[in-house]
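In the two complexes below, subunit A is the common chain; its partner is subunit B in one and subunit C in the other.
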Partner chain A sequence: MVRTTTGRAGILLLASVTVLVVAAPVVTAAGTELRIGTHTDEGPLTPYGYTFGYPGLQLVRLTYDSLFIMDRERRPVPWLVREYEVSEDGKRWTLRLHEGIKFHDGSDLTSADVKFTYTYMTRHAHAVWQRALRGIEAIETPDPFTVEVRLAAPQPLFALRPLAEVPILPAHIWEGVTDPRAFTDATGSGPYRLAEYRPGHFYRFEAHPDYFHPEWKPAVGTIVMPIIPDATTLFTALRAGQVDMATRVVPPELVEELRQAPGVAVQRGPSFVSTLLQINAEREPFDRVEFRRALALAVDVQNLVDTIQLGYATAGGPGFVHPMSAWLLLPGPEAQYDPDRARSLLEGIGFTDRTGDGLREDPAGMPFKQTILVYADRADRVRAAEILAEAFRAIGLRTEVKAMEAGTVDSLVWPEFDVTKGRDYDLAMWGWSAGIQENPLSLRELVHSQGSLNIGAFSDPEVDQVADRLLVATGIADFGPVVSELARLVADRVPFVTLWYPDGIYAYRPEAYDGWVYVKGLGILDKLSLVTRRVEVPEAAPVAEPPPARQRGWAWLLLAAAAGAAVVLFGLRRARPARP
Partner chain B sequence: MRGRLGTRAVQYGVLIFLTVALNFFLPRAMPGSPLAYLAGEDVGLMSAEVRREVLARHALDLPLGTQFARYLGNLVRGDLGHSYQRGRPVAEIIAERLPWTLLLTATSLVLSTLIGVALGAWAAWRRGQSSDLSLLLVVMFFRSMPSFWIAVILVAVFAVGLGWFPIYGAYTPWLVATGWERVLNVLRHLALPVLSLTLIGSAETFLVMRYAMLDVLGEDYIATARAKGLSERVVLYKHALRNALLPVATVFMLNLGFTVSGATVIETVFAYPGLGRLMYEAVLSRDYPLLQASFLVVTLAVVLANLLADLLYPLLDPRVRLSDGA
Partner chain C sequence: MAHEGVTRLGRALKTSPPGMLGISVLAVLLLMAVLAPATAPYGPRERVGRPFQPPGSRHLLGTNDVGQDILSEVIWGARVSLTIGIVAALAATSVGTVAGCAAGYFGGLVDGVLMRTVDLVLVVPFVPLMILLAAYLGPSLYNLVFVIAGLMWARPARVVRSQVLSLRTRLYVEAAKAAGGSAPHMIRRHIVPGVLPLVLAEFVVCASLAMLIEASLSFLGLGDPLQKSWGTTLYYARVRGAFLTGAWVWWVLPPGLLITLTVLGFALTGFTLEAHCGPRLARRGAGR
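Showing the complex of A and B:
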């Protein structure tokens, strides 16, 4: 009897806890919160502590400012700097800062902080910042608002890199920090202050009340960023109104569904991210330009765009440079799909089918097989690799697809991320981030025989010669003709096959916040989206309640069905005679 | 007895040393490099000089043996090192995540054991009847479903459809409440992940319990108890259930050790800040210090659970005591 009472009490307690939990009101944001679901934990969000370029660097830019900023067309324009002059020889930049710039802790940002940052970042290893600051000879600060930078040689892209790139650190906080990677204080001067960071859980930003900019002010009071790694959960939360924007690019198969979802809007624009088929030009027969050309001619890039990206991408230009790139003066070369010419090219270099099985043997008569490596966790790329393998088989090349864990693929294609360490692959599905398209000097790193991003060990004296001309450019206008010529050469020599540039597609709930700006090549998660021209910190529209009852009907139905099934089962049991 | 304890201690000591060594060398034997996380993105654009400096700062340029010796030295001093990816002390990161993981996995382990035992005993009692068979069917159904699928269905029905529960997180990030309101908020976030894990976990306990119970119910002493005229309830609870609990206790102890390793899939689907997801990300980013430390925590927990099982077993099963004495 005691046992039964305990059991009943237990069940009663469990039931009441359940009712309490279910009946408690769903906590919605109090009014000024904007909830941005982010797909990665980006670490402490200092310039040394963020993890990925996207979305990490975009979040760092919310808390820090740089001297210049990239506008929505991705052109550098002054930001912390009020006005500037460049000497005639292009070697001296005089920058005048706005007055009254405050860090989040209330202290002033002055020319001393700029000098400190540029010096500190030159001395403390970081792949992006340290490289951006190369070529600076001296920095002087004649007064708290003036910075004079002397360069060893003119740098036509100086406003882009480092001025628009390098975030300014507060000197009084970073002085004496010897291991910047282990330092977690993210005090900056940006429009938002990082108020709370719970690793693996969320970030919370508060508007910077004393933001310096005379025109642009923080657009919302609080930004909460829950970290939601799973794509399904993230977009479900968006649809259900539990987040207001998702940082993850919407996968092509979800675009239509999200467009139809009530209260959800989708913005789409060009992205400078690229997906390519990387070729190991060091290995036979990929060292022969005819073989590489045959590979390129066998690929129907438009078919890939339609099949893999469901049309939400720009077909890859064989010259690598994105057709919307500001650096491309003439229209870039167009991809050609011509399997017949591919076949005759292969015949021409001795790749013939001697056994009559539809697959070619190499010039020595030995069976030939090539392998495409691909990240196993990238379903789109695995599918693309399979389509490519089919296309290559169609021109008689035996091709195998090998999907492996990302780190393992990296270690074969780009061991220790150092091109001088060799490589062990034939072909690989690869991608470069948007930044590579943005800086013409990166193009040189990609295709020059000594380039640090030349992961295929591609080497062509003519390409080297043209690429080197990028180094001696003295004005912005010098880049266009060189980039255009380089794109033409790359299309002809095929160091890799550029497959597509995926569209940037982002979903958000406009009733929560509608200030999103699509920044060309980058997307909508950008400082420009979260500052507004209004002077006062406005209150964002109240956050939407959970979805309307109409949508819940099917869930009730399902529950009712389950309950019905339980009753039937129970009834069946009762209907049977008791155990003898 | 003392000699036996001494042997045990040596056994566990060797076991722990071996796993520490494995935890150190296995991640390093994996292809791939932590450099991308040490130097930031655009790692390929680093100059050779910077590359050397970065490797040296993390002692990655030293011979593997030296690195291991250093690691052991630090371990003895209680220093678990700094995470490559997160730039923070590993101990701090794990301490943050561990309570959430335990809340999630221990709650569901306890719940699934209770439910599994109750249902398993009940099903065995009604062996062959429709209620037993339909319960078996339901349990096999949940047992054979992938955990993420169960989680996604629960989210669709209870979070999106009915709006009863939040979809992500361990609590509402902008919540300023304290006391009961906060507890309720945490419970609400915990509900669906725990329900997913419980549905899967109770299936295992159910099956073990049902078969153990069937075994016991066939024993002579049950017939004797019935013959004595004891009520069915007393026979079931006092005579059968207790004796059938031993295999369940074993399963429980096995699972107890692994509660600290979290539930990667469920943590990912519900964006729950637990250790499982953390370890998964540490593997992907080749974050050696974080990997070593989190594997060490799991190892220690499993060893502890084993030790606990060793100590508890004689209490649960007098036969173990008897054979020891013999």
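Showing the complex of A and C:
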């Protein structure tokens, strides 16, 4: 699900990549202030206390470091770790940390903190990396800079998850914390320290003066992040120069507008977020593969991309896997638009129009109707659902769109976010976050009959068999062929119709800061965008009071005064006739 | 008597220029809604061009975010908007009339309970409650009508009750009651006809309010995004960036102006009607 975005993972290069291959151009001098308008309040920004995967987890990564980091191609490369070895059987990882890593409070980050973090996170479940931690048998710390991890079985994706995912906590602060979700101290070792957080108003980060990395240093002195939930307000602020970057993806209709705005630049790249038409394969007639194929053939995904996304998207591949995914060795299957074949498929399974009203009845001769559920507050998806309904009517299927509050849709499609709790829908507009594309094991969860993300109760023995081969992979190279085969199979069996992958489009003001790096599948708000190759340590900028809170105070005061005046005037006028 | 009361109202409208203006505006808009299939250049859901086109010869008000003709959308939207206004007002005034009549006629405990409920509804902050209810019940046309009616019946109930109170003490009513008229008979024969002109005036005021509420709720995204009302046109304009691009001129202004015009029409009509039959002006009627 997009709203509870899980962690990002990436494409893995197990070969000993020890140096980052990213080079960010550097424009901004240290001591400057960067203002990033963010569209959600993400809470206290501890590893347990953020709300959404984006931008929340990205902000957590500014204040915390992990042992590995995902580079701009989303491959895990060492970060806190200087060098590492994997034993021959793949079960023993020896990690050597950099020396002189400091937490924001000045204490040292050592192997003890690493061990503490991994132990703590095993004990206090975290939705994103909980699974990945289960395979750890033991962690040893022979000296302050060496961590030895013993695994129960080889994990080819171990560097990606958990190593590049889990933020390292300061043991001396988190020791004794029993309720991590209520804990708000965000002291970490990351390039920026969370200096101030006023819920609903803003975040302020300051550069970590003793950042450990020999090459990569914080790029700016202070980052102020006003929280601006409304899209129009956020992009107006950007255009007016009140913020230097907006975390929200630029909606397609604004791209040209912002591109032409003076002083604003736009970066565009692929995003691994996906938009789908989810099918409840448990319910008749959606349990029939011919019916599902007919649905897929009736949809012109390129037309959807052109209409809803104005072309700023990649048309969905029927195999779900993004064409740019590095897991896909062979070119993925292409979407086919063939309403005539859809019609003949429906005829073939007994869906014919006996009454002559242009709409088909089911094989028993009863009128047939299917309903598409959609979040009422997602205008783009509502529009897409309307277009889909039109396409299905064109092949003779009576289709109704039902826009409902997001929580209600979730409770019908994915009650309690637990697929074993059943479901009650025909079709639903759905979306998965980028992380699902990045980790091949997530693909199994999506289509395997026992998969934890299989919200359509799709079940196909052949798919199960291929998906299970992902589990027994012992090396990175094993994944590619399986993923390609699975994509081909998914395209044929249609557990859902993949509609599009929206482009990640981000707007910023280059004159304020031009170090933004587009991280594949993710966007430009990333730690890599905000560190720079530098040797000298930037000075912290003078503390500037961010304006939103105050301004708002004045506005309210003014409003109250005006309202008061109006009441008094009104009262006087009303009262006058009563006087003799 | 009912017939006579309504005729008197008609006369009042004819002789008052604002009333005449109001009723004409409404008539034109109603006609536009009824004749939508003939006057609109395209169907409201037909995708007839590229999305986000500025006004041109083929599309006088341009196209919206999925390439539907905005002019057609606005003309067809009159149907949904006016229907919601009228249905919600009908529901609100019906409930209000029943409650008002019962409270006024029976008095005592019935009056107490009903009027305290009315006080409660009147005193609760209207806009937040409306948003809360709409969000809680979920987006659908019925819920919208329900929310609007549920919040608006209190005013007509109050007004009707005061009229009933004054009617109840009229000689002919007391005479009929003394002659043994049962409560249902009394209400049907003597009370309802007496309040009917007033109810009509209240209805018009409610309809204008209901339309405005529908537009506001839809604009905020709490309406049914699948219905083509003026409010939803505004909603899509807002969420698809019309306020940031220049598109608001042809996407926001037309439905906005139409809403203003309708409300103005209702208001002018309503004020004229109210001025002629409101209880506070009953002196004039009593003198005759």
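Everything that follows uses one rule, which is that the second predicted complex is superposed on the first by the 505 of 580 C-alpha atoms of A that agree within 3 Å, B and C clash if a C-alpha of one lies under 4 Å from a C-alpha of the other, contacts with A are read in each partner's own complex, and residues count from 1 in each chain.
Just so it is clear, contacts are C-beta pairs under 8 Å (C-beta built on N, C-alpha and C of every residue); 3 or more make two chains touch, one makes a residue touch a chain.
Computed from a predicted model, the values in this text were never measured in an experiment.
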Partner chain in contact with A:63 - subunit B first, subunit C second, else both or neither: neither
Touched partner set for A:408, first subunit B, second subunit C, both or neither: both
Which of subunit B and subunit C A:459 touches, first, second, both or neither: neither
Which of subunit B and subunit C A:307 touches, first, second, both or neither: second
First (subunit B), second (subunit C), both or neither touched by A:232: both
Touched partner set for A:181, first subunit B, second subunit C, both or neither: first
Subunit B versus subunit C as contact partner of A:275, first or second or both or neither: neither
Residue contacts on subunit A - larger count, subunit B or subunit C: B
First (subunit B), second (subunit C), both or neither touched by A:48: first
Subunit A positions touched by subunit B in one structure and by subunit C in the second: 232, 236, 239, 405, 408
Residue numbers on subunit A that touch subunit C, as the complex places them: 231-232, 235-236, 239, 251, 253-254, 257, 307-308, 310, 376-377, 379, 382-383, 386-387, 390, 401, 403-405, 408
Touch list for subunit C against partner subunit A, complex: 45, 47, 51-52, 65-67, 135, 138-139, 221, 224-226, 235-236, 238-241, 243-245
Touching residues (chain side subunit B, partner subunit A) in the complex: 30-33, 35-48, 50-51, 53-54, 57, 82, 85-88, 93, 96-97, 126, 129-131, 134, 152, 155-170, 172-175, 181, 184-185, 187-188, 191, 233, 237, 268-271, 273-274, 277-278, 281, 284, 286
Residues of subunit A touching subunit B in the complex: 3, 17, 20-22, 24, 26-27, 29-30, 33, 37, 41, 43-44, 48-53, 57, 125-128, 130-131, 179, 181-184, 196, 198-202, 204, 222, 224, 226-230, 232-233, 236-237, 239-240, 242-243, 405-408, 410-412, 414-420, 433, 435, 445, 452-453, 455, 546-547, 551-552, 554-556, 558-559, 569-570, 572-573, 576, 579
